[in-house]
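Dropping a structure here in structure tokens format, bear with me for questions.
Per-chain numbering from 1; labels A, B, C and D assigned in written order.
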Amino acid sequence: MDTIRVTVWGEYRHEKSNPKVAEVYPDGMHNAIAAGLREGPGLTVTTATLDEPEHGLTEAKLAETDVLIWWGHRAHDEVSDEIVERVRQRVLDGMGLIVLHSGHFSKIFKVLMGSTCNLKWREADERERIWVVEPGHPIAAGIDDHFEIEREEMYGERFDIPQPETVVFISWFQGGEVFRSGCCYTRGKGRIFYFRPGHETYPTYYHPQVKRVIANAVRWAAQPPSPAVFFGNYKPLETIVPSNG
Amino acid sequence: MDTIRVTVWGEYRHEKSNPKVAEVYPDGMHNAIAAGLREGPGLTVTTATLDEPEHGLTEAKLAETDVLIWWGHRAHDEVSDEIVERVRQRVLDGMGLIVLHSGHFSKIFKVLMGSTCNLKWREADERERIWVVEPGHPIAAGIDDHFEIEREEMYGERFDIPQPETVVFISWFQGGEVFRSGCCYTRGKGRIFYFRPGHETYPTYYHPQVKRVIANAVRWAAQPPSPAVFFGNYKPLETIVPSNG
Amino acid sequence: MDTIRVTVWGEYRHEKSNPKVAEVYPDGMHNAIAAGLREGPGLTVTTATLDEPEHGLTEAKLAETDVLIWWGHRAHDEVSDEIVERVRQRVLDGMGLIVLHSGHFSKIFKVLMGSTCNLKWREADERERIWVVEPGHPIAAGIDDHFEIEREEMYGERFDIPQPETVVFISWFQGGEVFRSGCCYTRGKGRIFYFRPGHETYPTYYHPQVKRVIANAVRWAAQPPSPAVFFGNYKPLETIVPSNG
Amino acid sequence: MDTIRVTVWGEYRHEKSNPKVAEVYPDGMHNAIAAGLREGPGLTVTTATLDEPEHGLTEAKLAETDVLIWWGHRAHDEVSDEIVERVRQRVLDGMGLIVLHSGHFSKIFKVLMGSTCNLKWREADERERIWVVEPGHPIAAGIDDHFEIEREEMYGERFDIPQPETVVFISWFQGGEVFRSGCCYTRGKGRIFYFRPGHETYPTYYHPQVKRVIANAVRWAAQPPSPAVFFGNYKPLETIVPSNG
């Protein structure tokens, strides 16, 4: 099976209570993100939301998810610790995880990072310019040296995260801040990508480069399929000392 | 004040119940580690143990600790979550943390790492040879290209930790395993060093190179003292946009 | 076009002068490595050797190479500086590079690393056990927690390389050494993987796991193909200040 | 001996031909940088310049230099390859190296990095705001969450360097760019720090935070002095297999 199975998890609360958000994302942010992914090839995309039973993240659902995308904001505390631990175990076991924007304060991101994940922020309808600092990285494939988002919420350094394995993007904000906007990690066997853009009042998830980055990140975070094993004529000796564990 | 204030935390249980351990460390492992540190200059060393009130780690004690050393093994679960969180906050705020040997499974190390911290292990009185892979790193100062420990417990890869910022040492074990034995991290403002050697039944903490590495690590993990600030003739403009946060 | 175009470069000298090597690799080491890659899907594999005009690495050849594999040993100095610079430019421009074994002392590896690339070595027909330290990395796909090579040349730390972006494998040697055997780098847009095994007198390149690792590395190092660009309904403003450069 | 011996190397050409530069740095940029370092304790600071014999970097001079600071711009090509190689060997052997501003294109920086070290640039008297992204790093000691330089030359990403071991600072520029302005590396045993600010027409090297960062970097890059070796009661066995190399 060559398709990558993606589950887009959305908190799906702002859309129901804030008319401004509902106008931008009438079907919910998770469905807009999912629709963006479905524009490209090779992905099978479903969604899950906070208010579904088990937040839509049953053992069965996670078992058939290769990459989980996470958007949450105002209701981080309502995500049950049990589900967070379930997701964490799946990440450690190899499921990819893409954490978007305000998900920096989600329980799942914080337990995987170990630090406070604090940052500076400001809502001022300001311009964000996202620069590619690792142009050879698969997550930057198809992106020019930078792209712009006309209006976004500002996030600024110091972003209190462990030093990323790779920083793919750095954002410039009109008001004077910078931010490590695309950060790669491995935890256990799982690959994690934090991507900054996506405040609920802006149409960020319709932005073509934003869609492209998220799709790239899904492909990067998916465990590589194991092609047919090579057969060879080499026969190793028995091992000297059997290892426990 | 130029001295670095070190607190050596020991679980201090094996020594009281296992005569073999008591013979090797009659005053407890924490006191042996502390004595090693006191051989060198510039450190003020005290100890704390599990069975003291608040495990000896009161707010006041942590506030006057620059670097905390942690040795625990059989009683990780008896460390209270509240104290673990208190220690974590101090690390994020800048206190150094040196985690020794079986401390890889301590609550404090696991919450700071976010992964399982699993490893392979075997008790077989085997030889460990510790190779320096970053000879320019301060933690390797004064160590030749390798040193040996005659008999130790084996720890083997895969060690399920986040990719270290720097791997200073890699161990070779007689039975066929390798291990990343000296691993550097930053979490928040705090520096963390994991150092592998030190099973309770071996006299490892009397080993001169082991003592040297721990002392080096303390110096590396201590927040650098702020020397007198420079005064200059440069006057910046007012900032454009005040940052919140 | 979905295939990855691989060029296997071999020095091809030992095979012609040393009967022991000729017996192990009658068609040359480069052809053995190429044959291993052809067992798997998705790769178009050709070869080039030192004694061909321009070492077989013409501008045209490099232009149609996605990933270059490099094996050299006794004749590093005979590789022309001009060709080395040509290869370096292609790497910086995005070509993948897999450097094998004694290639640690090749001109191309040394100019890309900037350090001496020294290491310890010993020929003693000893056992090598290669441990996976990053099991979630694509280069370790399909490999168990370790594999063994019955007899190999020993390479030992300190391997004087820049700190790798990721260490995928660490080797244990029977005689007492360890080695970072699988090291990932990025230079410019190009991905580089150093893989230790492969002394000319051993049948290492017929070993099934060695073949698997090299094939995995080729897939990792190849620039990701750019799938169809997303089209969206988001129109960015004009940029504020055009950037030069 | 506790002092750190610093040599400030300056190209010292702009100052002699450009009245604007001469006005800002009447004694040369190298002397301004050296004067800044002399404001703090524990450093012994001398200078060297391009037009001295052997560029002022004799074997003897380098042998007694713990940390070398490098500022060059228009005359990179006039630095002899022999001296570059001499400096490189000293770095690999443990001398610290601080590369400033336009030194990104110096021969010594390029051979140590292996990549093109290209970047975007613009001279437009614009504001630079330098953000601390690793507040626990010794090079950021005493610096608030950011500092500003009123007018500077712009440097922008993609800065084509190997992924730094640690990025300490990221710059924001008024015109819309970002830059990794403080980058740490190790090559051989030597520590390298690249620090962006310092175009010749601006009084940047009188800026108090710039002076502080350079002084911090010198202390970080200096090889740690080896304190008295510990003596212990542990006697290792003979090694199993003597290592060559």
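Quick note on the criterion: a contact is a pair of C-beta atoms (placed from the backbone, for glycine too) under 8 Å apart; a residue touches a chain by one contact, two chains touch by 3 or more.
Keep in mind that this is a model prediction, so the values were computed, not measured.
The interface with the greater count of contacting C-beta pairs, when B-D is set against A-B, is B-D.
In this assembly, A is the chain whose CA centroid lies farthest from the centroid of chain D.
Remark: chain B and chain C have CA centroids separated by 36 Å (rounded to whole angstrom). Chain A and chain B, compared by their mean Cα positions, are separated by 32 Å.
Residue positions of chain D touching 2 or more other chains: 129, 134-135, 145-146, 156, 163, 165-166, 176-177, 186, 188, 239-240, 243. The touch graph of the protein chains shown is complete.
Against chain C, the residues of chain A that register as touching in their complex are 36, 39-41, 94, 127, 129, 134-138, 141-142, 145-150, 165-166, 186, 188-191, 203, 206-208, 211-212, 215-216, 219, 223-224, 226-234, 236-237, 239-240, 243. Against chain B, the residues of chain A that register as touching in their complex are 88, 92, 111-116, 118-122, 156, 160, 162-163, 165, 175-177, 185-188, 239-241, 243-245. Note for the complex: chain B touches chain C at residues 129, 131-135, 145, 156-159, 163, 166-167, 170-173, 176-178, 180.
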